[in-house]
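Dropping the structures in below, format is structure tokens.
Okay, so chain A shows up in both of these, paired with chain B first and chain C after.
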Partner chain A sequence: MQVVFGVQKIFNLACGSFYALGAYVGVSAVGWYAAAGGPPALFIVPLALAGLAVGAVGVVIERGLLSFVYERDETFQLLLTFAVVLMMEDAIRLTWGTAPRSTAGLYLAYGQTQLLGATVPVYNLVVIAASLAIALAIGWLLTRTTFGRIVRATADNREMAAALGVDLRRVYAKVFTLGTALGTLGGALVIPATAAMSEMGIELIVEAFAVVVIGGLGSMRGAFVGALVVGILRSFAISIYPELEMLLIYLIVIAVLVLRPRGLFGGAGV
Partner chain B sequence: MRHPSQATPEPLRAHGTRYNNPRYNRRQFLGLTGAAAASAALRFDAAPALAQAEPVKLGVLAIRAGIAAPVGAAGLRATEWWAERVNKSGGILGRPVQLVVEEESNPKDTVERYRKLVLQDKVEAVLGGISTGVTLALGPVAEDLATPWLSWDGTTQKGVEETMPNPKWAFKSVDNEVEAIVAGILTPKYFKGIKTVAGIGNDYSYGHDCWESYQAVLKRYVPDVKFVLELFPKLGVTDFTSHIAAIQQSKADMLMCSFWSGDATIIMKQAAAVGLFKTMKGVFTTAGGVHDSLKKEFTPEGLLLGYNTMYFDDPKGSPLLKQFVREYKAKHNEYPPYECDHAFFNAESYKAAVEKAARSGRQWPEKAAVAKALEGIEVESLSGRRSWREDHVQMCNFYQGITTHKNSYDFVTISPVEVVSTKQAMKPAGAKLFDWINGWKI
Partner chain C sequence: MLTVHEIDVFIQASHILRRVSLEVGAREVVCLVGRNGAGKSTTLRTIMGYLRPRSGRVELRGQPIQGRRTHEIAALGLGWAPEDSGIFTDLTVAENIEIATWTRRGGRPAAERLDLAYGVFPVLRRYMTRKGPEMSGGERKMLSIARALALDPEMLLLDEPFEGLSPTIIPSVSDGIAQITRLGHAVLLAESNIHHVPEYTTRLYVIERGEIVFAGTLDDAWRDATVLRIIGGTR
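Here is the complex of A and B:
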């Protein structure tokens, strides 16, 4: 979402739907994998591949829908991506049904371990490691490769980039697909620990919105820090004073909006 | 049950005005050709018999989207199964049943659709309604439109207080908090020596009411019990790791959880991942609603699990239940949850009430006569005999028990199965809930 906003200046609500889509496709992929007799220890491979592959839907949505509204007002873009959210929710319901889907016991396939006196499923550590790896890879992609330089240049000044011969259409399609694939991969990776529900996309958008406001729109570092702030605050609130759980996050959002409207890292570039 | 070919011409006069309307004739013919189960012989009978078999339209409200969509789907499937079955055996008083399905969503839109069903589709009765938020609004509308409304799972309670004690047309579900009360009665039987309890439920009326009722009941049996933690995450949350950490920190002897949708599966999974139930007992009052997602890999044995009013695997289940479970599994590849029973009971009791009301008048009865006949009527539902109390509240049995892995499924079932009647666990008509609980002789 951050990458997409940074480059395309589109506030993509559908990122939540991509997350949900990734989750459902992940469940199905793991189901087929298990039915085909694949070893349980490697289930994360089909899971991640399925998550990445379904990111291809990004190209379709970018070329088929978004490309028509780049020149329009933000409101159109917001409405369009919200329409995608609603359509994807129904598409998911038609394909996978209304009942929540889950990957049975795979969550515990890697066992549990003791960490600072608490029992932690190893899978959680795998996901944390994978997230860090993805964050580093994105950082490397954006700062160390030609593609990254073009993306950042486009984000900075799209007219100038276009004037210098950058094919904006291709950059947009690539960036949007990358953003989509990150969303679907995230959905797929998280699914063993939870269950896929058709409305999970909308849930995520609300939380992502808080993360983005705290971190600052369009900033990768901001997203990282914002996510940490929201996650840690929620956990503390639940342990200490559960009634504060949701309130606290929005209080921080309000505080950031009042004191630092661009967010903690807003305007710092990609 | 009367077969269509035995139909006498009298009942057609009951709706003679419609019969005289040529537009209606065409529609009823279309309806007939659509009603798959109407017997072929009947269609080619003389005109009076055709009019006799004019389909009886029943409105159905089912949730199609959001968290409760699976519940809505289950209710609708059971209603369709019922309609097919009734039509195969000759319909209601010889008239085939035709369902007109509308969506239950928010109160405002649902009220509009309800009005459309009654005023435009001219249904004889409306079945359905799950969310109490919606059915609270439907109750007065049903009274206003003077058409029987039988609610699957929604009440007209505000919290635990009844808002419509003497309705004429509204027929309401079991009080929301009954399953928590049943669990409160069973907890001391299975978990002796419980001193501290933590609770988690969804942050809306149902979650809070269940927790309050459960505490009140448990306190009657275990006066020195302490309630050490209460958590109310909002509906739709998919990550409970922080909540589970807080539950662990509370060091309670037991966790009471009233989740009923996908969140029940998720918390079970995430609790198993940190071994929560190795040290803690667990009561899941309503998780039987998603029973076939509670896989053995992450759902331990020894939890108290509630199935609401129907347990699909009841060893004492009737042939009707066994047939339903078998056909539901074959068609939908799932094992049916309790909502099917509410829906089946609603429809079946409507049919029985029409037949009862017609017996005296020998004609298709007026709506008011059907509503009157519904009061106190008892029929065989999927879960066994169920009835309407005189004040229009469902009476039935609740099924709860201790989870076991000893079955042929990949998810848990319960053994032993405890059956508690609403006669024991639901406040009598007009009673105040907490006064009633505090007045129990224990």
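Here is the complex of A and C:
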């Protein structure tokens, strides 16, 4: 999401919806997989594939809607992506109904383990490892590849990038598709550990907001640290005192806003 | 090679450029001189495709380019160094320069284009691994021009390359630009002070409130009382 926002300067609320969409499609995919008698231990394969495949809706939305509004002002973009969020929520309700969907304890297929005195499902560790791997892969993509450098330059100064021959629309389309696929994949992967709810999109937006505030807008290192902070805090809070979970995040966000308004890593030399 | 023919440009409701015409031939160095707010940047930005003229034509090698997208105009052979240098601060000096070789392939091989860019401003080689925020104003201007050159353009548009530079650094930037013209590139350069107009300038246009009020050689400009009143400035 950070990548998408930084490059397109479109505050894309829709990424939360993609996350929710990935979650639902993930539930269904695992359902079909189980019905077809696939071995439980391999359920992560259809899950990940479903998450990636549904990422293709990103292409449709980018081509169909967003490509028309890059030049419009930010309020307009915000409204449009919010409309997408609402539409997708309704589409999800129509398709999957309003009750939360879960994969019925499937995550226990990988067993549990002891970690720092708490009992943790192994699947959660798998998800953490997968997120880390994805974060590292993105980091590698952005810093070590030609495409990544062009993306960073575009995020920095899109007028200048265009003057150096960068086709902005092509970069936007690629980044958006990548962002969507990561969103839906993320949604699909976490689903065994929680339940899919049509509101999970909004919840993720709040969390992403926290990540962005903590890390500082447009700073990749900041986003990584921000995500780490939020993630760790959440998991601690959940295992110790669940009601505190969101409160704690808001407290940190407020603290950062007061003490470091540009975020922990934001804004050097802007 | 570049012809701007009677363009009218509006920004929102304000009429910024009125029937501006100018011409840059192959290998020429042309200066567009005018006070702050006269419309120099607007003219260059219209040529680069950031703004669309309401009427008039912009032609590159006889081919109309107004209304085309900026990256296409760059690919047709126009290099751009904006007023604020437009350095990608998140990238190193080397990466800033290399970008142009990834986006516009063909023509000379990348290594040769990089050699040209560093050859014009050799100090940049020393800062290759540095990032934007660690650079001085003069280094940014040089990087911006070198980067435009690495695109291997036939012509460069330089928006106030000497603006804000200390008198000690201006000669090295000016020498770099002279070297670029000797390499055979045409240059269109915006400047606000006639004292900064390089003596190798082929032709000079004076722009005042969005209109071209003088066209001629630098010597003629020095003899023109109106021109001196507008852009004579102080030394």
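Observations
Methods note: the second predicted complex is superposed on the first by the 247 of 270 C-alpha atoms of A that agree within 3 Å, B and C clash if a C-alpha of one lies under 4 Å from a C-alpha of the other, contacts with A are read in each partner's own complex, and residues count from 1 in each chain.
Note that a contact is a pair of C-beta atoms (placed from the backbone, for glycine too) under 8 Å apart; a residue touches a chain by one contact, two chains touch by 3 or more.
What you see is a predicted model; the values in this text were computed from it and never measured.
After overlaying the two complexes on the shared chain, residue contacts for A:Ala162 are found with chain C alone; chain B is out of touch. Taking chain A as the reference chain, the count of touched residues is higher for B when chain B and chain C are set side by side.
In the superposition on chain A, A:Glu89 makes contact with chain B only, not with chain C.
By the touch criterion stated above, A:Arg149 is placed in contact with chain C alone, chain B being left untouched. Once both structures are placed on chain A, no chain A residue is touched by chain B and, in the other complex, by chain C. Those residues of chain B that touch chain A in the complex are listed here as 64-67, 69-70, 72-73, 229-234, 236-239, 241-243, 245-246, 248-249, 261-262, 265-266, 269-270, 272-275, 290, 293, 295-298, 334, 410.
Touching chain C in their complex are the following residues of chain A: 146, 149-150, 152-153, 155-157, 159-168, 268-269.
On chain C, the positions that touch chain A within their shared complex are 48, 50, 69-71, 74-75, 79-80, 82, 86, 88-91, 95-96, 98-100, 102-104, 132-133, 147-148, 151. Interface of chain A with chain B (complex): residues 89-90, 93, 97-100, 102, 104-105, 107-108, 112, 118-121, 123-124, 193-195, 197-200, 203, 234-235, 238-239, 242, 245-246.
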